[in-house]
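We just call them A, B and C in the order they show up, numbering each chain from 1.
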Amino acid sequence: MREGNLRTLKNRLVKFLAPPVILVTAIYVLAGCEGPTDVPPLPPQPRLRVATTTSLYDTGLWGYLEPMFERKYRVELDVIYAGSGRAIELGRRGDVDVVTVHDPALEDKFIADGYGVRRIPFAYNYFVIVGPPSDPAGIKGMSPEDAFSRLADGNGGSFVSRGDESGTHSMEKKIWANAGYNYEKVRKETGWYVEGGRGMGPTLMMTNEKRAYTLTDAGTFLAYKGKLELVPLVEKGDILLNVYSVIAVNPDKVPGVKSDLSARLVELMVSPETQKLIGNYGVKEYGRQLFTPFSGSEPKQVGDNE
Amino acid sequence: MNEIWQGLIKAVELIVSFDQEVMEIAGRSLVIAVTSLGLAALVCLPLGGLIHARQFRGKKTLVTLIQTLYSIPTVVIGLFVFLLLSRAGPLGGLNLLFTPTAMVIGQALLVAPILLGLTISALSGVDGLLPDTARSLGANGFQTSLVVLKEARFAVMAAVVLAFGRAISEVGVAIMVGGNILGYTRVMPTAISLETGKGDLALSMALGMILLFIALIINFGLNRIQQG
Amino acid sequence: MTLIETVGLCQKYGEHDILRDVNLKVEPGETLALIGPTGAGKTTLLRLLNLLDIPASGRLYFDNADVSRASKARQEARRRMAFVLQKPVVFNSSVYDNVACGLKWRGVMGADLRTKVDPVLETVGLSVCRDRNARTLSGGETQRVAIARAIVLEPELLLLDEPTANLDPVSASKIEELIAGIIRQRQSTVIMATHDRSHGERLADRMAVLMNGELTQVGKSKDIFASPGSRDIAEFVGAENIIGGVIIASDDGLATIDAGGRLIEAISDYPDGEEVYACVRPENIILSISASHDSERNSFSGEIASVASMGPLCRIEVDCGFPLVALVTKRSAGELVLEKGKTVHAAFKATSVHVIRRQG
């Protein structure tokens, strides 16, 4: 009698508990079996965090450099995709250890305020103004300032702005200022001025859909060129120089950041090996280099962008 | 239209070939969503029962407030958790920002109002005399709660299903506090968002379909539980 | 020997008194009917007796243990009773599971469970619906499930709240039979609330009358019917003829009451000058065409004011200076040709009159 009771109790329990237990186990097994050796959920290695401007990510450069660094220093590198403005803010808050950005004015302030150790330029390329092949506004070959003035007339296509406080966005604002426009007024223009609010890659996709114009770094444009109908229209002008820097967050000002590892990363970025890799990056895939490694002094002039 | 077809074909390809990266992202999405759902349910189901059972001043206002939080944008929760966990924030010392744990915290907070509010309304649907009936037949407090929960099981399960859907499909929290780090905090929705930005629409479609497929399996499983 | 006892039990709802100073003792094995009009506090009292609610004040003893306040003893005591609520709520599961749940909560399992539940299902006539979802049952069947759920527990104290209310007459009489059977077996002490006095009269040994939250009278069923303690109770227990008057003479327990000029003789110890009500149950009034019954002390002639049919009986109202209601069988009504406007004699014995002192 007692045994019978026990058995029915057991049966009932099993019947009641089986479905949820099986389901949950299945989920975890399914999720866990994707190679726990490759990607442990919480690896024992230290983690180093880099916030990077979107162009370095969208071109795939970080995807290329990351495994190299991880192998060399046995560290998990977390690359966080953000515009230069947000990347620097993350550094200021101590949420990342290193930033790679391209906004010299912001960078200088970051250093001056003591948050960054030192600004180390490691590569450059150029900004270009791209647009549809038909070029309805007729800006081809103009200076960046003239091209912007022509777009601001509002006849001949719209302009897509990053609008995300990124390095490219800073450059755009700088060009508006040089051309004699008040940016705050420009951004309120409707009809021809579109504020996309996204990374470089998505902004290019959007510009392509709208058959509009945008300002982009040459690297991202090259990496996306295959998916776009857009063509470069304005490539010449001193203002279009685009320098990428790596800055380690200052542990004296922001406690808790990993200064040793970030120093390693900075070292690695300017090491001859890496510089060579950056110089060669994309040559095979896109037919030309996306970034010119920074060697010697920072270029002041827009050179031949080959 | 072409891209949708390509997406479908690619989805099948990725599933059939057990694409390492996609499966990993899908698995991570599931683990994070299920963990946050489990945590939230562990707190919210009993808490909902308590709020339902107790009479106190401001109960109606509290319920309205909970219901208002159903529509809180995911990025707002993301921002809140970001500010909390950021090194400059009050819990910065825990060093949790840009980790899966942070995503679990954020998603648990995100689905908590849904679980809480819908549990309360599920229990309100149960006849008020039911607990008394159970007690009059000798059920103790715990047994009475079980009876009430069992009566409301369909509605409670609906709450769980809805909360799961919100957790596994949201982008805001995942990107704000997870950082969309490849191989660590990248989940299906953030991967889709990223791939769309990169212009790889077929891959995005494929990922979206895989996400739906996972949801289908989960809901199938939950329905089985409900009937069992 | 007392199974359950209340001492000065009070209950409030907000500021509103629902029960006031209820003192009640119930012996093991007896059946008590709690009668009173709707809203008198019957359900509130049963909920207190079942230890579902905590009284505002007063004491409650079950099997001589004080269970007035929250304690472990309350849960244990509650498991020795069962309460069938007025509105039966069945659980969303099979009839069998519904009836089995109370036993399960007490740790009964497996074969033991079946050997207990199945006979009870047989008793209440629900064996055929054993595996049906209880939510799909009719009102009468639902009530039977509720009763089965309680009696399967073999409780020492069975509490029933209006078990036949809200049922059609056929279902109600089936339930009443069922309850009568349970009471006959004398296994449980039964406390049953009802607003139907005849129901209580048929089933209970004793009755407790609850009026406006107060226990106004407790006694043997026939005593309460014969000698209600107040005008309200008299009305409630069906003494339809309540005639106001003053005692003008009394002699060795026999009093003469002046009711608006007509004199009524009754058995009473009240002194002269006392303002009273004379209560006569309609079934104790005999109607005849000629005044010849010398054995009846009280005989009044009057015109028939109305004739109403009530099943096998006729309710006849005679205007004798005061209205007097009598019940006669349809057959004798036919034989005597009792019609509106006809003059008849209404007679009743002095012993049929119950005298209540008029208060205030």
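List of remarks:
Keep in mind that, in the parts below, a contact is a pair of C-beta atoms (placed from the backbone, for glycine too) under 8 Å apart; a residue touches a chain by one contact, two chains touch by 3 or more.
Since this is a predicted model, take the numbers as computed values, not measurements.
A centroid comparison over C-alpha atoms places A as the chain most distant from subunit C. Measuring from the average of all protein CA coordinates, the nearest chain centre is that of B. If you average the CA atoms of subunit B and of subunit C, the two centres end up 56 Å from each other. Work out the mean CA point of subunit A and of subunit B, and you get 29 Å between them. In terms of their C-alpha centroids, the spacing between subunit A and subunit C amounts to 85 Å. Per the touch definition, subunit B reaches subunit A in the complex via residues 20, 23-24, 26-28, 30-31, 34, 86-89, 92-93, 95, 97-98, 100, 179-185, 194, 196-199, 218, 221-222, 224-225, 228. For subunit C in complex with subunit B, the residues that touch the partner chain are 47, 50, 52, 75, 78-79, 82-85, 87-89, 91-92, 101-102, 105-106, 149-150, 153, 159. The part of subunit A that touches subunit B in the complex is made up of residues 15-16, 18-20, 23-24, 26-28, 30-35, 38-39, 41, 49, 58, 63, 66, 76, 78-81, 92-95, 198-199, 201-202, 204-205, 224, 227-228, 254, 256-257.
For subunit B in complex with subunit C, the residues that touch the partner chain are 127, 129-130, 132-140, 143, 147, 150-151.
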